[in-house]
Each structure stands twice: as C-alpha cells, then as structure tokens.
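One chain, subunit A, appears in both complexes that follow, with subunit B as partner in the first and subunit C in the second.
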Partner chain A sequence: MEIFPALLSVITDPILLFAIVLAAAVGMIVGATPGLTASAAIAMLLPITFYMSPLFALAFLYVIGKSGRYGGSIAAILFNTPGTAASAATQIDGYPLARAGKAGKAMKVATISSVIGDLMGDVLLVVGVGFIAAIALKLGPPETFAIYFAAFVVIGSVIGKSIVKGLASALLGILVAMVGLDPISSEERYTFGSFDLSNGIGLVPLMIGVFVLGEVFAQVEERRKATGETKENESSADGNDLTWEEYKPCLPHAVRGGFIGAGIGVLPGLGSAIAAFISYGEGKRRAKNPEQWGKGALEGVAAPEAANNAVSGPSMAPLLTLGIPGSTIGAILLGVFLIHGIQVGPTLFLTDKELVYKLFACGMLGIIAYGLIGYFGATQVAQLILKIPTNVLYPLIFMTAFVAAYSARGSMFDVTVMTCAGFIGWLMRKYDFNIAAFVISFVLAKGAEETFRQSLLMSDAGALIFVERPIALAFLILGAGAIAFRIRGIMKERKLAQGGLGDA
Partner chain B sequence: MRAYAEGLVLAIVSLAAIWGAWQVPAASPGDTWAGIVPFAASVALLGLSCLLLVGASRQTGDVATASGDNNATPQIIALFIIALIYQQSFRWFGYLLPTAIVAPIVLYMFGMRSWIGLAVSVVICPLVFHLIFFVLLGVFPPYGEVFDLLSWLQG
Partner chain C sequence: MKRRTLISAALASIALAASATASFAADWPKRPINLVVPYKAGGGTDAYARAISAAAEGILDVPVVVVNKPGSGGLNGANSVVGARPDGYTMMMTSGGSFLLSTMTRDTDIDALDSFEFVAQVGQLQTSLMVPKNSPFQSVQDVIDAAKADPGSLRWAHSGRGGFHHVGGLGFLANNGIEAQDVPFKGGGPTRAALIGEQADFGFLGVQQLAGFEDQLRALAVNSQERDGIMKDVPAFGELGIPFAAVSSPVIVFAPKGTPAEVVAAMEAALEQIAAKPEFAELLASRGTGPVYQNGADAKATLISMKEDATPLIESLTN
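And then the complex of A and B:
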C-alpha cells in the first residue's frame, strides 16, 4: 500500500513531474533513433545526476530506460530498423503494416500494448518486491554468493551467440572489477604500481566508454554498410485511426505478453529481446489467424511490445532486493544508487523504503507519459528523428563522452579509461563477445567476492559450505542447469541445420 | 583463422591475469587470500580460451571471416587514435583548444563537408560544452599544463 502515498507525493511535485515527462520524451527519441540506445543515453547522462537529488536522478534515468524500450518500436515499424534489440520482434509485423499504409494503427497498437505490459510489470513489481526483500534478508553469504554465481552463469551463457564467449565476457568483467585495492585486506591487485589503478576502474567511465564511445565506433562501421536506400511507406486516410474493434483481438496477446515479460524480467540477464520473441512465438501459436502473422497482423505487434516493456519493472526486483542488476540499464541504475551513497540490497527496504516506492511511482507516471506522447505524437517523433543529421549527431556524442567521463569525478584517468573501454567495447561487439555480460559482471563482481570470502571464513576455508546449504546448492544447480539447457538448445539447432542441409 | 586469433588473445589475457593474481601477497592467518577470486577467474578464462582454440582446430575451413568486414577498421582505428590524443591533450592544453581542433576533424570523418559548418564547429562545440559542463554544472575544467586557452582568455 506504500505505493499510494508515494504516487500522491510524486503527483504533487511539479518539478519531478516535469522531469518524468521530459525523460519520457528523451527516452522515446533515443530509443527510436537507430544506433542510439537507452543504455547509451543513460550512461551519458549519468555524470549529470551527480548534481541531482537521488530520487530525481533515479526517476529521470529509470523513465528514460522505460521509454527507450518503447521508442525502439517506432523505428522498427516505420523504418524497418529496430531501435533496440527487443523491438526486432515488433518489426516482423509492424513494418508490413506500415508498408500497407497502416503505420499509425500499428504505432497505436504498439503504444497501448507497451503501456499495458509495462503497467502489469510495475504492478507485479510493487506487489512482489516486498516479499522478495523479506526473503533476501534471511539469506546468508553462501546463499547470496550462489545467487551471484547463478546470475553470472545465466547472464554469460543465455544471451549472445556463443556460450564460451558469453562466459569469457563475464569473466573479463570480473577481472576488470578486481583492479585496485582489495576491500578486505587492502592488498593491491593488478595495479602494476600505478596510483590511479589502485583506486580501481570507475563504473561511470567504463559505462560511457562501452555504451557511448563504443557505439560511435560501431556507427562508423554501420555507416559503411548502409546502402542509403529507403522505401516510402504507403499512406491511407484510415491507416492512422484505431478502433476498439480492431484492438479487441490484440488485448489477450498484450495481457499474455505482459505476464511473459514480467516472468522473464525477474530473471537476471535474460532481457526484453528474449521476452519479446517468446511472446511473439506464443502469440502466433495461439492466434486465430496464424497465417496472417508476419504479413501485417496487429496482434503480432501487440504480443512482443507488451512483453518487451513488461520486463522493465520486474527486472528491478533482483536489483533492489539483492543488488543484482538484470539488465545493462539496471547496472547503470545501480551505479546511481552507489553514487548517492545508497546501499542496494535487502536492507534498502528498511533504510530507504520511501525512496524505492517513490521511484516505482515515477516509473508508473513515466509509463502514462510515454503512452500519451506516443499515442498522439509517435509520427511526429519519427519525423523529428528523420531530420536528425547523423553526421552531426555522432561527432557530438563522441565529444560528449569525453566531457561526461571527466565530469564524473574530475579525473583525467577516468577519461583514459573511458577511451580504452570504448575501443574494447567495439572490439567485443565486432567479435561477438557479450557486452551486457561484461558490464553486469563488472558491477556484480565486488559483491560476489565479498560474499564468497565471507562464506569461506564462516566455514574455515571449506568450499563445501556451498553444497551443504540447500538454498545455495539449488542456485548452483540452477547455474549449471542454465548452461546445460543452453548447450542442449544449441545442439538441437545444429542438428536442425544439418538436417536442413541434408535435405537440400 | 579468426577463431584461433580470438582463442590466442584470450589465452594471453588469462595468462597475464594469472600472473597478476599470483603477485598478490599471501593472506595473513585467519584471513582469505586477496588473489583468490582474480586467480579463479583467470584460470577459468584460460579454460575457456582453450575451448575456443579446440573449437577453432575443429573448424574445417576458414569459415568465419570477420562478420560485416567492410574496411571500416582503419577509420575506426584512426578515430581511436584521435580519441587517445584528444584525451591526452586535455592534460597539456586544457579543454577548449583540443575540442576546437578535434570537433571539425571528427565531423569531417562522419561526412560533414560544409566548410562553413566545420568552421562554426571550431567555436560552437567548445563553447557549448564549456557552458553546459563547466559553467552550468560547475565542474572544474581540466587545466592545461603547457598552454591553457581558458586561462589566457580570462587573462
């Protein structure tokens, strides 16, 4: 019930309301611009939040993340270029609808479904997060480490093309996080006698490097690939209006997608792209008109959009209760909490409960804000994006990355870290390593190490403590099971591919 | 070939990480070794690099060429070198002068061919970034050890 006073408090704060609306608009534009991601925008804005109050900073970035997820659908439907990985599923039916002159209709279905999914996710978060926090408070270091371990393995193995490269990315993230002084014994690790390195690698420059500068490097490559050919969409008078009769068959798909997205959102690392594709597949399987899916079915837009956005709220549950970010946006938000001296974890609900619920309230109002802007202004947003000259945009982003990295701590070393992280981020992208696993593991590493060593001290250096405690063992098995499940999936895909080639 | 290169690079990184972890002094009695997590992570990374190398040796032909290779790599490396020089020059010349020089270069690299636009960027870019970050947000600007344009302008 804490959410109602929190909502009232946020609604009565005009400056916060303005920030939410602004964040909704910014997120939508960023998400809809191909090549720009909400993660990049949040990373770039992170240093600015040093100068804001914790709630203002968190709400601003959280709403950008939410709105950015939705914004991806605008580019997917109108330009056949998904603004985010998650909106690739929306593109399957969204773009044929736009080509048939029903772009406005498709956009409205995407908006309504995104709002339904996102609100469902947030309501489930508000209802469930207290219970998860109460359970998390009872967990000891061995159980917490086992959860961290499962998160590393799931994040490393489930996302991306290769399990080995995914796990390697996670390990690289852990190793980078180890640079600096050991928090327990104050021994230097990987510092090579450098004073700057003894302070460790900062989260903010690393994020800006990987997500912002790395993206600029990637765009140089993309610009070479782009052919510059764009097809004009058809336009018809009735293509922009959506009637209740038209949306009615979409509603069950949106609600189902909301539950799928919320369920997947709680699991760290799986992310909205997986939720969107599962929801699309499930929707098509249950559809009355499966033959129409892929050719321009409105239901084919509703199902993935609801799931994609429903991930947002529940993905905050492991972040807030255990300190485990479920996504790259979550990892950056964790940085904001730390910057403002707020310890994330089960005790957060004892120390800063009011802040947490106000953040949820801001998220809900953000959904309504992007819903309204999207329903009435998505086409205008698309026209605005078409007018942005990319040959000016990316150089500006390039230069912003440097000044933003410097602003975080006024440290030139951070700018060097950001520059190197940008190049490494581009290399990782180019060679199919997993950026999300790298960044999330970097964020998780310190907490995981602390709980691991506390567990060893509890058991007089015996690693059996992780096997003797049932909850810890269950999470270790979950991690191993995730790898086994993924390997099985890959083997299946290979067999199918070989069968296909054999048939040919 | 590419898979071999990836495996080899990872193996070198992991060996360096193992060596680095080994340099961490031993734990005092009753404490845990500060190098335990870096050591375990780097050994695991070495294992994964071996898997990559084994996978590479099983590939029958040179199947995996760099996906989407379109000769953009030299341009990206050039941009990275500019980035390195740009960040280093903050230390020597402060923020304004390096930004005034780098802005038109990067704009040109991204396809801006209007000479007026490039000339305007020399003034506008440092000015706007300076106003936003160093005036409005109150961040203390980096001071150029060799020559600082901001100090010179401020007299």
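And then the complex of A and C:
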C-alpha cells in the first residue's frame, strides 16, 4: 500500500499541511458563494501555481476542487442557491430545513455526508485506479448513452405534483441545451444568427438565473403581497446541534450515495450533479419517510451530498491514466500536470508513482480539513448569515448574482442569459413548473445527444448497436425498468389519493 | 470572492489603461502585453502561451499576460482581439490551422488572412494517423487496402468536424480515393481514449498525443512532408509516398490590423529570441511539442497555401 508512506510524508511536511488547510478554506468560500465555482477559482489560481513545486500546485488545486464541491452545499442550504451545479439537489431539502431554523443541523449533516462520500471515493481510487481506468476504456459512446438514458429516469423522482408540468420543464431544458453548435456537425442551430448564442447557453449563468434570481423575484413578489408582516428566518440553538440519533437514519443514505457517486465518477464526463440527483432519487425511493423528502428531511441532504463528493476521487482515475478529464476541474488539473512536465498516461504510475500517491494523500487530508472546518464553522456561519435581515440579504444576493454571472467568463452576454433565466425561473416557480427537472435535463441533454449520434455513426445497423453491446443493453433495460416501476408507483398513489380524499 | 474581484479589477484596469492612452511605437512596450488565447487554460495552445510568458522574462521588459477567452471554437477570442486598439498591448496566440478553418466554415466577418497582422509563428501542431495497439493495420497501406476492399466499412475518430484533424483526415481519404465514416469526439483527450478503447478503426489526432501512450497506440504516419521535430519516430506521409492534404496548425501570434509596423517588428524579433531559448523548449517538451519559429511573412505564406489545400475539402464538407 503506497498510500501509507505517502500519507506519512505529507503529514510531516508542515508547509504542505498548511497549504492543504488553506486550500480547503478557499475552496469552501468559493464553493459557498453562489455563482463562483471551484473550477473558476482553480482557473484563476492556475498562473500562481506555475511558481510552486508540482506536488504543491496539484495538491492545492485538487483540494480546492474537493472542498469547493462541498462548499456548494452551504449556499444551497442557506440561500436556496446552489453554489455549484453539484449541490442543486442538496437545496431541495436543505433550504426548507434552513427556513425551519435548522440550518446548522443541515450543514452538519451535509459536512459529515460529504466527508463520508469523498473518503469512499478516494479509497476506491487508491485501491482500484488501474481497474477503474480499464472500465472507463470499455465504455464507448453506446454504453455512455445508455447510462445517460438511465440517468434521465432520475428526473422522475423530482418531478413533483404535476407530471405534465414536470415533463414540460424537462423538455424546455432539453430545448435550451440544443442552442449552440451541433455536437456532431459543428453547425449552428437555434442561434438566430447571433454570434453569442453560437457558444451555447452557459450552465453557470443559467443556474444562477433560475435558482438565485428566480428566488429573489419570487421573494419580492411575496413581500409585496404580505404588506407589513415579513417572515424572518429563525434560528435556535436546538436547530444548530446535531445528535447521533438524528444522523443515524442518514448514514445508509450517505453510504449508498457514496457508492453511487463513486460509480458515476468512474465514467468520465457524467459529473457530480448527475450523481447527486441519482442518489437523491434513489434515496427518496427507498426512504421510510418519502413524504418528508422535499419538505426538510435530513436524509435528503445526506444522500446527494455524499454522492456529489464521492465523484471526485474515482474521476481522477480516467484523468491520470487516460488523460480524459471528467470535469472542468479535471481538465485544468490535466493542464497543471503537463505544465509541470509530468506526462499523464498509463505510464504515470511508473514514472511518478510517489507524486501521485502523495497527491492522493493530500486529497484525503484535504477532506478531513474541510470536514473539521465545516463541522465546527458551519454553526457560526449559519448564525451569522441568518442574523442578516432578509431585506438586506436578498439585495446582497441579487448583486452577487450579477457579479458572479459576469465574472465566470467575463461576458456581458452571460449576464443577459442570467437575467432572462431569472424571469423564466420566477415564472416557473409561480406556475408550479419544475425547476430541478429543467436543470437536470439541460445538464444531461448535451451528452446524451452527442453519444447517441456518435453511436449511430459507429453502427452498421442503426439503433441496433445498443442491443449488440451487452453493457449498453443492460443500462437501457435498467432505465426502462425504472420508468415502468415509477409509472406503477404513480398509478398506485393516484388510486390511493382518489380513494382516500376523492380529489386528486 | 475577494481574490476574484481583485483580480478581475486588476485585469479591467490593465485593459482600461491599455486603451485609454495612445501609444507610440518608439517606446513600446511600456505596459504588460495581453496575449489572448481563445481556448481554455490547460490546452495545447494555452501551453505555448504560458511558455512564451515564462520565457519572455529578460527579453521583453514587460510581463506577457495570458488571457483565456474560450468559446465558439476559438472565434470568441478572435472577435475580441480584432476590435481591440491596435497599440501592441493586445495580441492573440492561436492555433492557426483551426483558426483558418473555422473562419472558412463558420459565418463570420473575420478573415484569418486579412483581419490581422501576422507577428510570428512559434510552434507547430501536426495531425497524424493512429490506430489502436491491437489493430490489424501495421502500415498506412493496410488502412488504404482495407478501406478499398469494403468502402465505407471503416470508422475513424477525430476531435470535431471542421477542425484541422478532421480536414487533414478528409484530405487523406480524398487523395487516396477511399471512403470511411467519421465519428467526431469532443477534443483531443476523448478522441485518444476512444481510439485506445477501439471505438474506431483509426483516428486523426495530434502527433504529440502519442507521448506517454506508446503502448496503447500506434502512429502510422504524421500528416506532413517531413517528420515532426519532436516525435521523430513517426514516419511522414511525404516519405511514405502517400498523398495527403498539407493541413497542420502552426501556433501563430496575431496583432490587430493597424498595429504600427515597428511594434509588430519588435514583437516579431522578441518572439524569435524567446522561441530560441532552451527554457521555452523545455517547457514544451513534456507535451510532445516544441518550438517551430517562422517570421510573420512566412507564417502567412503557410496559411495561404494551407487555405488552397483545404478549400476543396471544406467545399465537400458543406455540400
């Protein structure tokens, strides 16, 4: 086990330890700021790392990536605004908890679950890096498409009351994702001759718009209606403490989330947002209290948080051995390796084994660092934020949204996108459309389309390629089965509702 | 958050300063030079820009600041530089082949040959024909024979239609009278992985992508008359006597049209010195690339002849 001497050598290096703690703190802050993503922070800090030693630079950026993903949950819980795409699933239960004065509790659950998931992912990485890479190679476009198909099913679990409106939201997400360059022919579509649109709609401005701006608009409207009386967030000592009794039911969800996330991490390109939603959907399906989910269940925070962090570790395997980045952060890390003269590829474990294991060790220590900072700092942050009156907080969030949308790519067009998305998000809220379904399908549609069309180009027999390839077939059956299962569940619920209350 | 705004504020003030005052060629450079890279940080062209920036110390008196403006296949960054004040403080470094081809295939007012001043070429990216290690194809002739035996049965991978790898591959197919179905992937890394995973029969990808993957892939030929300067073990189409289209991607520094000739000449001279520095070559060696210097006029000539080679291929693409 090369990891133990590596851990030892990292622990005994105080400067490196300090860098890890610093990176954990920086990552948390950028992750927690709506619209500032860990990948943007890493891209920004990249030039600084040219002057550091390779291990130092890589560990610094790697830990920022990890803790940034965790930090996203803080904003999701406190402001109902996902700090990163990965934490969009966390807010479904996190924000209701915060509204009920349990922000500190929710954040502690998120912290513990993130640490569990992240460590599970890293252990898997250390144990099976070669094996993971072998799997990733076996998955061509047909297999990847089948996995996307199975992942689409998760939309069903967040679809909400109205199936029609849920599906309409998902379709809208797919339509918006189609804007830009065709992934196969590279021709423009739905761009209406606009150069800006030819680049497609960015995920970051879109998410800030529908989630942050949409929420602010909705709040403004609510306040106009409820003249005089304004509802402040509550906070109580009880809501900030977490007991073992409370976490106990969350543990199986966190562990399952860890496995789901680690599994998704093996597949390059699917990403942590998808892992979080699948874990949330699976958790809700298996939960003893599904009616609580979405209204403030601690388990509903544990499941997605464990999953989105578990992606981090295994996604390093295809990156290091095959040079395929599974995320933006991965792509930047790849650049750092190359800039420092380290050739990424199957020979990396022969040429730079020590460095790689030290990097893994730094990652694990980084998890513990953000876990400790998060657990003990969470309550303070929650209390501080919740002390700010809402009529100060919302204008602040409103401004941050604009700054964040602009700064991600330095583009005014992104600000326009965000503003439009904000109105769409507000309208969707007002008329009970499903924002989560909209965003998930936006995230999934591009990859699904690309792999589907690649498969057809590869095939001699059209769509039969999905049947010819056993792994692809298995995932398609899995997806179709899950849909059938869910439809049955919905039918049952309907019958119950009709029989019980007489109004559906 | 604070760091972020600070940096963007700093960048904004640099940009402001660069555009607010008129510059005189005589005392150029006085301020940092912004080198726009129209791709994301961490990519191949970006690596060249970072290496230039690092090696510029001691040659240029001011820092060279790399500014990444990704999007729209490189046109986003080009758009921002074409309209920049031609004072020598905003320049663009891009993959010349990709840039040329995207201006030919996309609906844009930018003309790669006319919209900019050519400063100099500092590097070269070449595409190559590769097969998975276990492929039955041992030589380029094997590929051609197999394609002729059963036209359209082979699948080939590349990193996106309209890119120079794709057009280079099309040139190989067209010049040898063979047909094969292309499967585009998104970028070089995924293309290489797909080829290693045997998702396609062969692929056209950057010859530097072989570095570190010699046990997974076999490069049959590099798409040029002569061998690549760094990946010397790979034979060239030219020496094998196999017809091809001379499409490659010289890494070129462009300045906005109207930049004073003295400034362009000074930067050209500086780039020549930088490209000759051993430090510059070292920074690039691990990526399987290296310095390839040409002055502005020669770089322009290269692109002009590439345009001639690519035009019929592009026309076959759009029809």
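Going forward, the second predicted complex is superposed on the first by the 275 of 504 C-alpha atoms of A that agree within 3 Å, B and C clash if a C-alpha of one lies under 4 Å from a C-alpha of the other, contacts with A are read in each partner's own complex, and residues count from 1 in each chain.
Operating definition for what follows: contacts are C-beta pairs under 8 Å (C-beta built on N, C-alpha and C of every residue); 3 or more make two chains touch, one makes a residue touch a chain.
Not measured: the values here are computed from a predicted model.
Chemist: Check whether A:Leu61 is in contact with subunit B, with subunit C, with both or with neither, and answer first, second, both or neither.
Modeler: neither
Chemist: For A:Leu457 in the superposed arrangement: first (subunit B), second (subunit C), both or neither?
Modeler: A:Leu457 contacts both subunit B and subunit C.
Chemist: Output check: A:Gly345 vs subunit B and subunit C. Expected answer is one of first, second, both, neither. What do you get?
Modeler: The answer is second: A:Gly345 touches subunit C but not subunit B.
Chemist: Touching A:Val164, do we find subunit B (first), subunit C (second), both, or neither?
Modeler: In the superposed model, A:Val164 contacts subunit B only, not subunit C.
Chemist: For A:Ala273, decide between first (touching subunit B), second (touching subunit C), both and neither.
Modeler: In the superposed model, A:Ala273 contacts neither subunit B nor subunit C.
Chemist: If we overlay the two complexes on their shared chain A, which of subunit B and subunit C does A:Ala307 touch? Say first, second, both or neither.
Modeler: neither
Chemist: Is A:Val443 touching the first partner subunit B, the second partner subunit C, both, or neither of them?
Modeler: In the superposition, A:Val443 contacts neither subunit B nor subunit C.
Chemist: Looking at A:Tyr394 after the superposition, I want to know if it touches subunit B, subunit C, both of them or none. Which is it: first, second, both, neither?
Modeler: After superposition on chain A, A:Tyr394 lies in contact with subunit B alone.
Chemist: Is A:Val403 in contact with subunit B, with subunit C, with both, or with neither (first, second, both, neither)?
Modeler: both
Chemist: Report, in rising order, the residues of subunit A that make contact with subunit B in one complex and with subunit C in the other.
Modeler: Overlap of subunit B and subunit C footprints on subunit A: residues 184-185, 188, 403, 407, 410, 457.
Chemist: Contact residues on subunit C for subunit A in the complex?
Modeler: It is residues 1, 3-5, 7-8, 40-43, 46-47, 50, 54, 66, 68-73, 75-76, 79, 105-108, 153, 155, 160-162, 181-186, 189-190, 192-194, 196-197, 199-200, 211-213, 215-216, 282-283, 285-287 of subunit C that touch subunit A.
Chemist: In their complex, what parts of subunit A are in touch with subunit B?
Modeler: By the definition above, subunit A touches subunit B via 48, 51, 164-165, 167-168, 171-172, 174-175, 178, 182, 184-185, 187-190, 192, 213, 216-217, 220-221, 223-225, 390-392, 394-396, 398-400, 402-404, 406-407, 410, 412, 415-416, 418-419, 422-423, 426, 430-432, 445, 448-449, 452-453, 456-457, 461.
Chemist: Per the contact definition, I'd like the list of subunit A residues that touch subunit C in the complex.
Modeler: 26, 29-30, 33, 36, 40-41, 43-44, 46-47, 50, 136-141, 181, 183-186, 188, 193, 195, 198-199, 268-269, 318, 322-325, 331-332, 334-336, 338-339, 341-348, 403, 407, 409-410, 450, 454, 457-458, 460
Chemist: Applying the document's contact rule, which stretches of subunit B touch subunit A when the two form their complex?
Modeler: Its residues touching subunit A are 2, 6, 10, 13, 17, 20-21, 24-25, 27-28, 30-32, 34-38, 41-42, 44-45, 48-49, 51-52, 55, 66-68, 70-72, 75-76, 79-80, 83-84, 86-88, 90-91, 95, 99, 102-103, 106-107, 109-112, 117, 125, 129, 133, 137-140, 142.
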